[in-house]
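Please go over the structures that come below.
In the two complexes that follow, subunit A is the common piece, with subunit B as its partner first and subunit C second.
And then the complex of A and B:
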């Protein structure tokens, strides 16, 4: 028996490698990528970079409003999404709601919503609510709902069941049971997920303007359309600075939380 | 008074947890339930406050049937029964005082407890309860900063703050060292004597059972095989409960 086992795994490994190579090869052929196109494109990249420099420094002042708009969208979107995620996460947890039908239904809804990319959401909301911040906020809200609800429900399912038992034993009703047994165990996780989602949303909000959902993306789209590459670079630098600062603050806070 | 009337429990997989148990536990008793692990000690204890459901019979607590109780009336019966667990079951991230106050939630409206608006008397009650188990100075520490023995005393304080008339302790010292074991058992005994709280403890240490109990209930394969005063629980009786000689790891030993 001992000599048979290693042989089996060897064949398995070999088959896996062959399969992976086949998939990559198939993808290369079907997408028709070639090294020559890549090399031919290189001079274009150099041209583009040349046109970008020097960045239009004066442009910083005139896009600050749009930048703030982007941050506002991320703040509001994350907050709305994060709040709605709380009851959904609780109702999706099998240790809180003990009826399988209920938590399975809520999990299904949650997973369904999570499969829609936010750019698509924004593109759908723009014709409904018109061009501006509102469709962007809604798209971010739905998107962060997906992230936070999923992570939060997994955290709730992993809590220590001891305090829950203790709360049942003291005669707490279901809501007291949740607030004294569940919430204190996961509140720090929730805050961490909220901040993590906010980090992602700042980046996402910068792009949403592309489909008309407000923020810095709208300006970026215009600058690209008019071939104002120096302005494009300014926008990229500005976005980078904001993202780095938000990430740094959020990371510090999250370290403190857990 | 706690009364078991023909109580049986069959688990969904067919295992019999309790077999036709009839039992009366009087107010102020200090009862220790002994038996091998898996004999049904925990099932018996947890059926009293319905953390485990029974499949047959009825359990009456101070004249009210907890078996028949539902919703609010069930919660009110549970409110009068404090419970101590092997793993303390505190919220480790919360402060000690909040853990103790959580024993008070069933006395107040939902909204009041959610906002943390416990009346002054409750906070005083909680602090006094902590004083009774000698850890008042830890009231505003986080629960996970405390040692195991201290955490178990916080959970005793929670039962006291609950103003429980009955305390159920399910292997309360199983995760403690011999020294803190005696401290916790001393606390339980003192509370039983000073406040007259009926106390029912599951233990697997034979010598501890002898030292603290006034009455011993022996359980084997879901059946009560001994029920009597501690004085009559001789070595022979324990061997009978266990179905074999007592092993050395079932004795805590001397710690003085």
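And then the complex of A and C:
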């Protein structure tokens, strides 16, 4: 027995490695990539980067409005998504809703929503709501709903059952049970997930404009279209600064929460 | 002593109210400038089109023996994600060691490494794809390179953190018995971080599959290009079938990857 087991795992590891190599090999054939194309094209990248420098510093002032628009999209989108996520997360938790069919169905809906990338949601909302912030906010709301609801229901399922049992024993109804038993235990987690999702959304909001959903992405799209690469670099630097600041603040707050 | 213990809660309470006030201000500002919801006449038509497109998707697009079809585009999307993840998994290793606090004696070195990683992480994939398109032309190769470089940021960070969490005992024992740097790396650190590394790589693969579906919007291969054409042309049945295809593919990948990750850790 002792000698059989390692042999088995060895074969398994070998098979896994062969399988992974086969998948990578298949992907290389499928996409027809070649190193020589990359090496030949490298000078083009160098040219592009040369065109980006120096960045158009004067452009900073004229895109501040769009940057604020981007932040506003992220704030509103995360908020709406986060609020809708609360009932969904409660309904997806097996220790709150004890009927498997119900929580399985809600989890299934959540997982389906999470599979669609934000940019695709935005591209789908733009024809309906027109070019502007609104489709962006909605896309961010749907997307952050997916993230927050999933993380939140997992946190709810991990809570201490003690207080809940005690409350049931003294005759609390379901609403009281949720408000005084479940929520106090997970509120800090919820805030943390909310901030985490906000960090992701700031980044996403910056490119949503590419498909017409408002924010700095619209300006970026224009600058790219007119080959104004010095402006492109300015927009990228501006975005980086905002993202780094938001990440730093959000990280500090999350550290304090948990 | 008494004063000190009294002062702290007051400061904390003030801080709390300052945070609350700032949050309220942010929301007032955000809602003040919020766009008005106006539904145009064209919106109704678009909605109608979208719903009928989703109800009656273009099944014929799934497989077309000649020319572009859904299955081929999805396969290309997957191939982009596979190669992009593979490239980043290889390239992130030196960055991870650079950023890990316990790998260098000088703290400044790891701080710089972490900063470089976060710069890579916040650089949008789509722009990276546009840059690579300049070099290798339109097509999946640009998407692969964009994903490969962008993912270094996240994988390098996660991998570096797991290096930081390694136990010192195995390493110290090896150093004490006279192992050189490469030997300690190979026999003490790698075996410890390998499961976490594989798990993170798979996790990143799940994300990369989603990213690969949108790279086509800028012309970097995959399902994104036919999707954006269908969206621009308002051919909703085609949009419907493509979105269904994406949802099914991502779900299958998520399920498989989660199963494997469960076994690794």
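Throughout what follows, the second predicted complex is superposed on the first by the 258 of 258 C-alpha atoms of A that agree within 3 Å, B and C clash if a C-alpha of one lies under 4 Å from a C-alpha of the other, contacts with A are read in each partner's own complex, and residues count from 1 in each chain.
Keep this in mind: contacts are C-beta pairs under 8 Å (C-beta built on N, C-alpha and C of every residue); 3 or more make two chains touch, one makes a residue touch a chain.
Small disclaimer: the values here were computed from a predicted structure and weren't measured.
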item: Per-residue touch tally on subunit A - higher for subunit B or for subunit C; value: C
item: Which superposed partner A:211 touches (first subunit B, second subunit C, both, neither); value: second
item: Subunit B versus subunit C as contact partner of A:45, first or second or both or neither; value: second
item: Contacts of A:112 with subunit B and subunit C, given as first, second, both or neither; value: second
item: Touching partner for A:23 - first (subunit B), second (subunit C), both, neither; value: second
item: Touched partner set for A:166, first subunit B, second subunit C, both or neither; value: first
item: Which superposed partner A:181 touches (first subunit B, second subunit C, both, neither); value: first
item: First (subunit B), second (subunit C), both or neither touched by A:130; value: second
item: Touching both subunit C and subunit B, counted on subunit A across the two superposed complexes; value: none
item: Subunit C-facing residues of subunit A, complex; value: 23-24, 26-28, 30-34, 37-38, 41-42, 44-45, 47-48, 68-69, 72, 75-76, 79, 111-112, 115-117, 119-120, 123-124, 127-130, 132-134, 137, 203, 206-207, 210-211, 214, 220, 224, 232, 236, 239-240, 243-244, 247, 253
item: Residue ranges of subunit B in contact with subunit A within the complex; value: 49, 51, 74-79, 81-83, 85, 87-94, 98, 102-103, 105-106, 110, 113-114, 155, 158, 162
item: Interface residues, subunit C side, partner subunit A - complex; value: 19, 26-27, 29-31, 33-35, 37-40, 42-43, 46-47, 50, 75-76, 78-80, 82-83, 86, 118-119, 122-124, 126-127, 130-132, 134-137, 139-141, 144-145, 210-211, 213-214, 217-218, 221, 227-228, 231, 234, 239, 243, 246-247, 250-251, 254
item: Subunit B partner contacts - residues on subunit A that touch it in the complex; value: 160, 162-163, 165-173, 175-176, 179-181, 184-185, 187-188
